[in-house]
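Common to both upcoming complexes is chain A, partnered first by chain B, then by chain C.
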Partner chain A sequence: MVRPHRPPLARTIRRGLVLALVAILILIVLFPFYWLVQMSFKTEREAFQMPPQIVFVPTLQNYVSVLQGKFVRALGNSAITATTTTVLSLLLGVPAAYALSRARFGSDWAISLWMLATRMAPPIAFGIPFFLIYKNLELIDTLHGLIIIYLTFNLSLVIWTMRTFFDGLPVSLEEAAYIDGAGVFETFLRVTLPLSTPGLATTAIFCFLLSWNDFFYSLILARSDALTAPVAIVNFMNYESWEYGKISAGGTLIMLPVVVFSLAVKKYLVSGLTAGAIKG
Partner chain B sequence: MAPRTTTKPISRRRLLRGALALGGLGLLSACAPAAPPAGKPSEGKPAAQAPAKTGQAYAGTSLKMMMVGHAYGQGLTEKLPELEQKTGIKVEIDQLAFPVLNQRADLELSSGSGAYDVLQLIFIRSGRWITAGWAEPLNTFIDDANLTDKGELALDDFLAGAMAPFKRGDTIYALPWLADSTVVGYRTDIYEKAGFAKFPETYGALQEAAAKIHSPETAAFVTSDNLHWIWPNWLISHGGSFFANPPDDLRPTFDTPEAIQAAEMFGTLVSKYAPPGSPKIDTGLAQTSMHQGKAASYLDGLGNTQQIINTEKTQLADKMAFTNTPSGPKGHFPQLAVHGFMINKASKKKQAAWELVKWAAGKDTMLWNALNQGHLAGTRASMLNNPEVKQKFTWRGSDLPMLHQSVMERAGSGYMAYRTVPQFPPIGDRVIIALQTIASGQATPADAMKALQKDAESMLEKEGVKIR
Partner chain C sequence: MAFLLPAAIVLFVVTILPSIFLIATSFTPFDLTKPNSLTFAGLRNYEQLLRDDRFWNSTWVQARLSFWTVSLQMLFGLGLAVLLNSRMRALEAVRTAFIVPMVLPPVVVALTWKILFTPDVSPINWLLGLLRLPQPAWLVDPTLALWALIIADVWQWFPFVFLMLLAALQMMPEEPIEAARIDGASALQVFRYITLPLLRPVLLIAVLFRLIDSIKAFPNIFIMTGGGPGIATEATNYYAYLQGFSYTFIGFSSAITVVMLVTTFAMSCTILRTLGRTVDVE
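Right, the complex of A and B next:
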């Protein structure tokens, strides 16, 4: 009779310890999110009660207050600017990345490097020049003004990420398409892009996050019409007291679309992040 | 044998052409002209200014105003239909967090943008903004009988300490609406239990009381992290100052024995007898410490301190009381921060803006805000002496209106002048660093203040101030 194989005790213990460690790490990472969300459903008095109430009667009052004010518009502005920037960054950046990956000319690396110029200095270094230029072009407090700014730093991200991705794709697949009579466009659209879906998803998420979470440029270049959510939420810090309930409800609302979007493309995100990891 | 295939070369031109074509499509949509949002005033294009003083004389005029997020601003927003009905002016008020306001207002004004017609004249920036010519002098409007009913405006109703920062000689640059006076809110039960019938009247006595009261559960004292606003209560009361004789003599005086002693006392209080994290606890957390019973006393501006009895946030309100800040060896020098409404020099609608300023800092508006928005930190004597206000804001024997008025009258003597010199903001930031260094034990008070002195001299010299 064959005895069933049982893992040695040491291995079981080690596995248990690793799982416990992972669980602890997950708790540590997720705790601030839990705290934020639960606070958004509490009254001001309950929010900082010690010991904290784990079980409480939730209230939607904070959400009602937030959704009745200007915050909804700011949230809409964030959605428009982040989505448009992401789409435009991919439309402009992916072909550029492809061109830089496939073309053979001496200065391709120099061009790639210069595309990073917008990220070589902290945003504050560009703040005043952008403000003055925008003031003269009457782009201050406009959504398209913000979108253009976000494009400047998102494009470099797209180009650098996607170029690396395209470099990892075998050229022979494209060559096969050429043999079958496909042109550059057709090859790019029908062969290269479908193979790049994980990379595109990853890049799209990072583009979206960079624009969605931007605080600095919205602070400098938007007043009230184009104000985005990250700045609007700060304005719940009143001079005489802070509205923690609204801040936490606003924070939860800001977080929600990103979580949903990330979960929706989770499959692509994982493969996108690991693509090329074992490439020799 | 398999046929030999030839790889179709991708020419650089073909690739770039393709990339450009795709990119161009995106760019076109990005640059497509966006329709201006409804109701947005057109920058640089003044609305027609109709003669004043007739009903709805400014019909069709829209103004933008920038101020800090505050109950007063919420009250103004609620009452805007009243102004619109009276004058025809439509107003959009942007209420921003204080750090955001500081940054944005500076940027708008320094770039000559007329996007905002009326702005909050921030106390510590008033010197810089007025000197730079960014605030429109109001006397032209005040003295014009067609624009101003002086009886209704009642300039004398503004308390001296509130008006002083916005006057240069006889010229007025703003009308004050907020005067934050430093007061103390404290737990009477805790102090009584420790044997103190009332709150200590000197900083020395406060330190002794703190040593007796302080426990791991309840800190004896808490304050906010705006240390260049809190510490001067100690500094000036001990005979110290920021500058030798502001605004005429701006030699810094941080390394004097008085300043070092004030820094040492303050540093000890916030490091030994305040909640963990002090002195980097922000206003919200300082208030929360009081709400949750984790601190026994709170020194800050009236508007902030008043929040400790907000019954929506605490069950301890009926154990709190308010009193004056303590005195030092040289006397009692509570701090006062005043904020006003000013007209942007670059505004194209100054007459209409004056209507807004008059209304926003008017007697009726301020009284309404006190009674309906809980805004006690006002600037008019008529509001503070109103019987309804007195009744509403007297809490367990603490007459808050009187407390506030006494600080404003006292600050009118001129000791707050250090705060409105144009060079104050960066020096103030450096003071915060020095005090944090002392509280965290990284440097002795003497060393920290000497380093502060050296840096302040260097900063002022760069600003063109003659130090030696």
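Right, the complex of A and C next:
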């Protein structure tokens, strides 16, 4: 039996309904995000006005007061730790991923299991031992300490995603380089790496985002000097009063790089978040 | 080998050694305020854990939190993916919009929902008032506080399930569906007997990741409820944090963490084994 031909009017209505649903969904999904951002441009009094003002004169006062305080330093700490740990993870992980891809140890399941195991561990599982070790090594409240602990999730992520990427690169170009007399190291540096820029960029963004978004490790391992932005912003929540303006402005500043970067890698987002189970 | 060695050594130092250390501290009564308490005490922490009502409460909170967040995310994610599985150009806009919640820094998500659930400042409560519905004080009510956490988590992560399933649906072979249609199967039958079985591996992977993450949930609880009111939203992960870092009982906290790790591992292995039996993934 062939399905009866749908009359054009019914199809138009159906299409219209789906589009309306899509529009409502986007509104719901983006509303909390929008609410925080618009709040950051309002004065304290305007922020609490109900019904809320849709049209208002935006003020930068909240940003000015956030950027005059200690929060700037926290943003700097976040940027330094996230960048350094990304560079370190790539330096250590990319060659390892390359070796695993080319040497074919038949170790797929082992790496997969490893990825999943580190993904499963709640942050506190690493938090406790690192806290105790750092206390003895005097690494509590230092940027070095945070950079090292971020390697626990970044290094295996780099190895997994870059190995998948190298698997997809043709070996023939490398073989051509060998025939021309290039060594393993030179071939890797001159032939493979330049071909891998897209993979490297995506992986780097992932590492940066994971470290930038970290809350737990910074909460337990930093006190004041090494405090990163996600924990520093919580200090605007006092018992007696909430500094809503600063919270919303600070929150917007923290999520700005995240939104920009993740839209750049949106195609790879799901495979990056499921590393270990699905090849990207 | 020279390529592999540095990464292997670093990974060993930053992941294996701490894990061993964690298991070791779970056998000690270690208390941060008593530096000499790093002594072997056998299974005492684990025995204490079995008798600890607050621990059992935390597992119950955790179970409800995980059950509701994972099921609602799967339900919304699957429903939407099926509904929007077409080649409409508007879809690209949806995909982009849906990426936003799941990449936002967890702390920003938590603060935003804290604001949205605080009466007086909450536009949600204002809307409820307009509709002449009750305007609850979400975060101080024992039942609603848990639901506030569930709503925030579902909002952030159902797009993940949606995007995963949509990708799977769009890569699905069209032949079996066409064949079934020609044989007279209704849309519902096609979904039930063809689409759903083909989606099974992806569904299981989505459940696996959402389940793992639901057990790791921390910033939302820390910022929105602090485990309260009372201990109504004190999930296991948060309880372990309190014991270790608020009350300084590191040994006891390690034991909770080990139990949590073993449970997560066992559950994940069960899911992965079910998965392995149906299809060889990828």
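Operating definition for what follows: the second predicted complex is superposed on the first by the 209 of 280 C-alpha atoms of A that agree within 3 Å, B and C clash if a C-alpha of one lies under 4 Å from a C-alpha of the other, contacts with A are read in each partner's own complex, and residues count from 1 in each chain.
Here is the rule we go by: a residue touches a chain if its C-beta (ideal position, glycine included) is under 8 Å from a C-beta of that chain, and two chains touch if they have at least 3 such contacts.
Note that the structure is predicted; figures quoted are calculated from it, not measured.
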Partner chain in contact with A:K42 - chain B first, chain C second, else both or neither: neither
Touching partner for A:P95 - first (chain B), second (chain C), both, neither: both
Partner contacting more residues of chain A (chain B vs chain C): C
Contacts of A:R163 with chain B and chain C, given as first, second, both or neither: neither
Chain B versus chain C as contact partner of A:N235, first or second or both or neither: first
Touched partner set for A:L116, first chain B, second chain C, both or neither: second
Contacts of A:L151 with chain B and chain C, given as first, second, both or neither: both
Contacts of A:K246 with chain B and chain C, given as first, second, both or neither: neither
Touched partner set for A:T142, first chain B, second chain C, both or neither: first
Touching partner for A:R223 - first (chain B), second (chain C), both, neither: first
Shared chain A surface residues [contacts with chain B and with chain C]: 48, 50, 92, 95-96, 98-99, 128, 131-132, 148, 151, 188, 219-220, 231, 234, 237, 244
Partner chain C, residues of chain A touching it in the complex: 1-3, 15, 18-19, 21-22, 25-26, 29-30, 32-33, 35-36, 39, 47-48, 50-52, 92-93, 95-96, 98-100, 116-133, 148-149, 151-152, 155-156, 159, 188, 209, 212-213, 215-216, 219-220, 230-231, 233-234, 237, 244, 247-248, 251, 254-255, 258-259, 262-263, 266, 269-270, 273-274, 277-279
List of chain B residues in touch with chain A within their complex: 5, 7-8, 10, 12, 14-16, 18-19, 22-23, 25-27, 29-32, 34, 37, 40, 43, 64, 68-71, 92, 94-100, 103-104, 107, 111, 113, 115-116, 178, 282-284, 287-288, 291-292, 294, 301, 303-304, 306-307, 310, 312-315, 377
Interfacial residue positions of chain C with respect to chain A in the complex: 1, 3-4, 6-8, 10-11, 14-15, 17-19, 21-22, 25, 80, 83-84, 86, 88, 90-91, 93-109, 111-113, 115-116, 120-121, 123, 126, 155, 159-160, 163-164, 167, 181-182, 184, 205, 208-209, 212, 215-216, 218-219, 222-223, 237, 240-241, 244-245, 250, 253-254, 257, 260-261, 264-265, 268, 272, 281-282
Parts of chain A lying in touch with chain B, wherever the complex brings them together: 43-45, 48-50, 84, 87-88, 91-92, 94-96, 98-99, 102-105, 128, 131-132, 135, 138, 140-144, 147-148, 151, 175, 178-179, 184-185, 188, 219-220, 223-225, 231, 234-242, 244
